[in-house]
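Following this line, the structures themselves.
One chain, chain A, appears in both complexes that follow, with chain B as partner in the first and chain C in the second.
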Partner chain A sequence: MNPDVLWRYLPSLAIGFGVTVLCWSVGGALGMALGFAIALLRRLRLPPLRWALRAYIEVFRGTPFLVQLFLLYAAGPSIGLRLSATAAGVLGLGLYSSAYFAEIFRAGFGGVPVGQIEAAKSVGMSKFATLTRVELPAALIAAVPSIVNMLIVLSKETVVLSIITVPELMYQMQTMAAETFTAFDAIFAMAVFYWILVEAVSRLGARVEARVTAYLATQGERA
Partner chain B sequence: MKPEVILHSFGYLTQAAGVTIAVSFAGIVIGFAIGALVCMARLSRRPWVKRLGGAYVSVFRGVPLLVQLLFIYYFLAEFGLDVPAIVAAVGGLALSSAAYQAEILRGALNAVPRGQEEAAVALGFTGLQIWRRVLLPQALRISVPPLINEFILLLKASSLVSVVGIAELTRVSMNIASMTYRPLEAYVGGGLFYLAINLTLAGFGALAERRLAAGETR
Partner chain C sequence: MTSPMIEIVGVGKSFGAHEVLRGVDLSVARSEVVCIIGPSGSGKSTLLRCVNFLESYDVGDVRIEGRLMGYEHAPDGSRRPMSARNLREMRREIGMVFQHFNLWPHMTAIGNVAEPLRRVRGLPVKEAVERASAMLARVGLSAKAHAYPSHLSGGQQQRVAIARALAMQPRLMLFDEPTSALDPELVGEVLEVMRSLAAEGMTMLIVTHEMGFAAHVADRIAFIDDGRIVDEGPPRHVFHHSKEPRVRQFLQTYHDRNSF
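Right, the complex of A and B next:
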């Protein structure tokens, strides 16, 4: 361990961490929005649309993120899609995670008791009101832990962005390791930064979960 | 692109795909068993059991799988605990996947209506019967899609077990690439096998969803 080296490289590592957090949060938000839209669209009774969305999910879930990223960044220009490395990275993270998020939201909606939807209908709530005020809050109960899981997996996938030269944490770390021959320090610092990120997401997730399951407190303990 | 390279190494790739499937399957099954236990611990009324479950999830979800694998295989050996490569590979996959599966199950259990459990208590079910006959079947129905997500992620993560010396699909693709000087064909071949396995998994998921939803009238 060499604290001097870490201290000297701290600014570049901090910037790298910032880029990682930025790519991860924007990519994750994009993935969640897309995934939610896909989960909603899959409920429409339009077979061709359903098949197309199913295919989308299987392709983006079934192939490695690295391959998707390469195709987006390296093969994108040949169909007129010219993206900077960071933009390609964020878009790639969004597309990749949207397939997983779509399944998580679908499972969440599947867990909503039918009685609640029927009750909403019988008191005359509109379809939109039923969705936002009954189905979504109930769906989040099952979905939040899985969303946190996926966000943690996604934070680890951001490492792959270094391969298309996004200046994120891994990239800065490799630069530091190459310039100072301190591979161990680099990996140690990286572990600390990622641990901070994962722990922060877990805590945030626990708070959101406490909010959506607040009603359980009024119903007594589990047997 | 020379597709015959893939055809020539088809035998190797099939064999390697078998290793990938075996290691992942063992990881999924053992991971599910541990995950169910961790989930029960997290829902326990005893504070220390609850905290133990929380600590498990925090550690095994927070530490990268690669580090866990290297730890089991190389670090434990320092203390005279010589773990065979295949045990380290399956154990690493199972331990890390269990943390994710525990969280998925916990979310699904929270979504099972409380009345179900009260009804079971009223009917005189014992604690274990309530878990086995009432809570788990309903939680499983809700959690199939995110569980399939997790299984697919685990299958892709199984490429990491090559670091402990297991010749699985990714490692064999690398070998073929370096033997034939045809990396594109080798990796496309390996990738097609991964895609085929993942599509099969997703197909099983759809089947399981239909089976488990049979009791549901919607």
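Right, the complex of A and C next:
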């Protein structure tokens, strides 16, 4: 370990960390929003749309993120999609994770007990009211642990963005290692930063989960 | 001439190759309490669920105060499923209580009762909450208004479910084995609420295994087996004077199991 080197590179590592957090949070939010929209659209009884969305999910889940990102950044311009490295990285994370989020939300909807929906039907609630008042809350609450899990996975997928020169943490670490021949120190510093991020996400996730499922606790557990 | 509250004529229903209902006729007059009894898998619940069209039927008619349930006639005389809007309009006049309560777990007791008033009857929050708390008082649960379903006993949950259905001021109530999922000690509180409803003149169609309740509260009993109504009449007739071997055998089994 060389404290002097670490100290000298701390600012650039911190900037890299900031870029990582930015890409992860914006990309994750985008993926969640897209995934949610896909899960909703898949409920419509429109076979062509269903097949298309199914194909979308298969493609983005079935190919490596690295390949997707590279295609987006390198082949994008040939179809008129000219993006900065960071924009391509964020969009790539969003598209990639949307396939997983779509499946998470689908499972959430599928887990809503049919009796709760029948109760809504029996009082004459509309499809829309049943969706927004009964199915959505139940589905979203059930999906929280999987969402947190996916966000943690995604936070570590951000390292791939370094390949297309997004100046995130991995990229800064590689620069530091190359300039100073201190591979171990650099990797160690990077690991600490990721650990801080993942720890923060999982703690926040646990709090959200406890909060939204509070109503499920029995009286004994609550007291 | 007034139509019966519920009129079921020649209703048949199959799940694939399995014929669950084979030409059922049953009618329920206003303020009448009719209990449907019979062995498991006989089609009791399916019949009840056809009344508010949670289950579609293949042939025959189900009429609620004269209006055909679930279908409407096309100009060419054939019939087609009724519009979602008309179906909702009919369903909101029919209260239903389920075996497994089916409360919405993310809403409090009062939230469960007020929700349909808000979304279906379109009441403002204040009125919905007022009516909901009156209904909870009616089933003896004012103290639990702000508890979530998971904090309530089965009997309390079922009473909330009854309050939810009643708050809509339905013209009739359907009960699908309302006490079958309850611990024996909790059955009484639910039956008590149902008994008082019957005394107030609510029209009720009840699928139940509670023979004592059926004998005391029902105006008529229908015994159903293998998708057909085998015998029907006042409790005294069905429970004591039925000539149908299937009915006698069923009741005998019931007596044997419940005497010790």
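We adopt the following convention: the second predicted complex is superposed on the first by the 212 of 223 C-alpha atoms of A that agree within 3 Å, B and C clash if a C-alpha of one lies under 4 Å from a C-alpha of the other, contacts with A are read in each partner's own complex, and residues count from 1 in each chain.
We adopt the following convention: a residue touches a chain if its C-beta (ideal position, glycine included) is under 8 Å from a C-beta of that chain, and two chains touch if they have at least 3 such contacts.
Remember, it's a predicted structure, so these values are computed and weren't measured experimentally.
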Which of chain B and chain C A:Leu216 touches, first, second, both or neither: both
Larger contact residue set on chain A - chain B or chain C: B
Touching partner for A:Leu83 - first (chain B), second (chain C), both, neither: neither
Touched partner set for A:Arg61, first chain B, second chain C, both or neither: first
First, second, both or neither for A:Ala191, with chain B first and chain C second: first
Contacts of A:Ala29 with chain B and chain C, given as first, second, both or neither: neither
Partner chain(s) touched by A:Ile141 [first = chain B, second = chain C, both, neither]: both
Overlap of the chain B and chain C footprints on chain A, listed as residue numbers: 113, 138, 141, 216, 219, 222
Interfacial residue positions of chain B with respect to chain A in the complex: 43, 45, 57-58, 61-64, 67, 100, 103-104, 106-108, 110-114, 117-118, 120-121, 127, 130, 141-146, 148-150, 152-153, 156, 191, 194-195, 198-199, 202, 213, 216-218
Residues of chain A defined as touching chain C within the complex: 113, 115-116, 118-127, 129, 133-134, 137-138, 141, 215-219, 222
Chain A partner contacts - residues on chain C that touch it in the complex: 52, 54, 84, 88-92, 94-96, 98, 100, 102-106, 115-116, 119-120, 148, 150-151, 161, 164-165, 168
Interfacial residue positions of chain A with respect to chain B in the complex: 58, 61-64, 67, 100, 103-104, 106-108, 110-114, 138, 141-146, 148-150, 152-153, 156, 191, 194-195, 198-199, 202, 209, 213, 216, 219-223
